[in-house]
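Paired with chain B in one complex and with chain C in the other, chain A is shared by the two complexes that follow.
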Partner chain A sequence: MKTLILISHPKLADSATQEFLKTAGKSQTNVAFEYIDDLYKGTKIDIVQEQQRLIKYNRMVFQFPLYWYSSPASLKQYMDDVFTRKFVVANHLLRNKELGIVVTLGDAEAEFQAGGSEHFTISELLRPFEAFANKAGMTYLKPFVVSQFGYLEEEQKELLLVDYLQYVSAQMPLSLDNREKWLVDQLTHMKQEKSEDDQQKLDLIIGSIEARQDQLDDLKTNVKMIRDQEE
Partner chain B sequence: MSDTTDWLTKQLSQLQEQEPSFINRSILEATKALVAEQNKRIRQAQDEIDGRIWSPDKW
Partner chain C sequence: MKTLILISHPKLADSATQEFLKTAGKSQTNVAFEYIDDLYKGTKIDIVQEQQRLIKYNRMVFQFPLYWYSSPASLKQYMDDVFTRKFVVANHLLRNKELGIVVTLGDAEAEFQAGGSEHFTISELLRPFEAFANKAGMTYLKPFVVSQFGYLEEEQKELLLVDYLQYVSAQMPLSLDNREKWLVDQLTHMKQEKSEDDQQKLDLIIGSIEARQDQLDDLKTNVKMIRDQEE
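Moving on, here comes the complex of A and B:
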């Protein structure tokens, strides 16, 4: 599975959050980044080249800070230019791909709900992207929200990093089963750069995690069988 | 917590302590969380099986 992350951010170099996410994302071999604002510097954007690039990926992720309850202007410009009617509606070239949104907030996410100071939910505010995904025949993924990155503690950043990497590169939905498979892949990859002792340790860990997942699957089958017999 | 969960958590913590890369440390931390989640779900499923098998309705 290949993912393209399209970043829209007028001041990318100043953003610690974007730097963090980009450094994390680059650790994944199947994830590529494109900085939309760069495409609009100087020469005219090559629409056909962009369309050709997009069709190579299975998952497309729009990544941006929330600017007045929407994306910065460069993403809208990109969508208007590249997503032509012929490309999206007539030729269905985005059909069956996934569309994810990574949105960063300066305010607390908890305020984005009825009764909160922002009043509207993130899902409501991002509705135009969802409508686009629907029209294009894409699967719209649950938006990934990063709120108040600067206030996060080290351990929270560690967990955010993994959640983000799973959002961009793991099989959806992010069930326990799919998260387990993704983590086992990462541990297997990590093994390559380790000493022989640590490799053996990681092999035992991986074996044990996989055995427990099998055990859990068996238990779930048994529970279902018993439940089905009851009714 | 089961013995396996204890053992896994300890092994992962040891690897984490000597790990220089932030990304790898994060993956090890998330693996610890996965191990805890597996432990919880295995226990809950076993409890549910026990509860349903010993239900008074079946006496």
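Moving on, here comes the complex of A and C:
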């Protein structure tokens, strides 16, 4: 599973949220980042090169702050330029890939609903991206919303970090099973750089997670049997 | 009533639809056009100048072809640049103005619904613009949709032309009353450049429209009285 995160942010250097997510994301070997605004700073964008890069990934994630209820213009420019009709519709070159969206909000997420100051839900506002995924034959993932990052406590940021890393690199859907598999992968990967002593400790942790998973599977089977008998 | 039409179209010269709408729109003295893509071709956009221009108009119309279920990037760039938080939210400088959208589609409008190939309605896809109007305190007008212009018959194009001119320059909502007032205004304006003979003919036409309007008003009053008695 390889993921490409396409970041659209005109003031990237000033964004504590993007800095935080970038630092987190760099720990993942199967995750690459691309900065769309940088692409448009120099010479003309190389559309063929972009298209050839995109097809190497299974998951594409658009990451941006919500600007006037959509992405900043740079992501739209990238879509208008790179997602040609031939590439997306005629040749189906994005088909069966996943499209994720990481959107950061300056307002509280609770305002994004009927009766709130922003009136519409994030789901509604992101419809154009969902419609794109539909046209491209991609699987549209539940958007990952980061709301008012600056107000988060340290502990909340740590939880956000794990959720974000799973969003960009774990198997979807983000069920308990897939989250645990992801965790075991992370620990297994971490082992490589550790001392023998630490490796043994990590093995114990991995073993205990896997054992818990087995117990969970047994429980699920039992619950299913009871339900089946009831019907 | 003054209207500014902001056109976003990266290939304006190739578009028969835009050429048609532009020619039509030029007949209206209270309607001005601005080509966003041209604004971004030369030197840096003058944000203050744009803001000062916008506040002179009562109606602002975004006119564009639907590109990946939204406007082309140039309109978004304009929004990101010109609609600063200070201009729109703190100083409320667009408040009580109207926001119209003229959107042209390459696909049949009927595909834009649940079960259609495009899945979502135009209303849903344009939510970000509606949310913007809401935040700016503007009145959001029903979008004006032009679908598959190339396939229209000559007569359909003529009807489209009148509907478009009313959308950009008539009093809203586009009730029968407001449409007729608009028509009388057009004819009155037309009179100025005509011979005395033609002027008399136009006066007859205007008189007959106004008489019909009086009859209609009488009828409405009668219907209302009957309804009131029924309750």
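The rule is simple: the second predicted complex is superposed on the first by the 231 of 231 C-alpha atoms of A that agree within 3 Å, B and C clash if a C-alpha of one lies under 4 Å from a C-alpha of the other, contacts with A are read in each partner's own complex, and residues count from 1 in each chain.
As a convention for this text, a residue touches a chain if its C-beta (ideal position, glycine included) is under 8 Å from a C-beta of that chain, and two chains touch if they have at least 3 such contacts.
The model shown is predicted, which means the values in this text are computed figures rather than measured ones.
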By the touch definition at the top of the document, which applies to A:Arg179: first (chain B), second (chain C), both, or neither?
first
A:Glu130 in the overlay: touching chain B, chain C, both, or neither? Say first, second, both or neither.
second
Identify the partner contact of A:Gly207: answer first if only chain B is touched, second if only chain C is, both if each is, neither if none is.
neither
Looking only at chain A, is it chain B or chain C that touches more of its residues?
B
Need the overlap of the two footprints on chain A, from chain B and from chain C, as residue ranges.
none
So, in the complex, the side of chain B touching chain A is made of residues 4, 7-8, 11-12, 14-15, 22-27, 29-31, 33-35, 37-39, 41-42, 45-46, 48-49, 52-53
Touching residues of chain C toward chain A in the complex: what are they?
10, 67-74, 76-77, 79-80, 83, 118-120, 124-125, 127-132, 134-135
Taking the touch rule as given, give the residues of chain A at its contact with chain B in the complex, in rising order.
23-24, 27, 155, 157-159, 161-162, 176, 179-180, 183, 186-187, 190, 198, 201-202, 204-205, 208-209, 212-213, 215-216, 219-220, 222-223, 226-227, 230
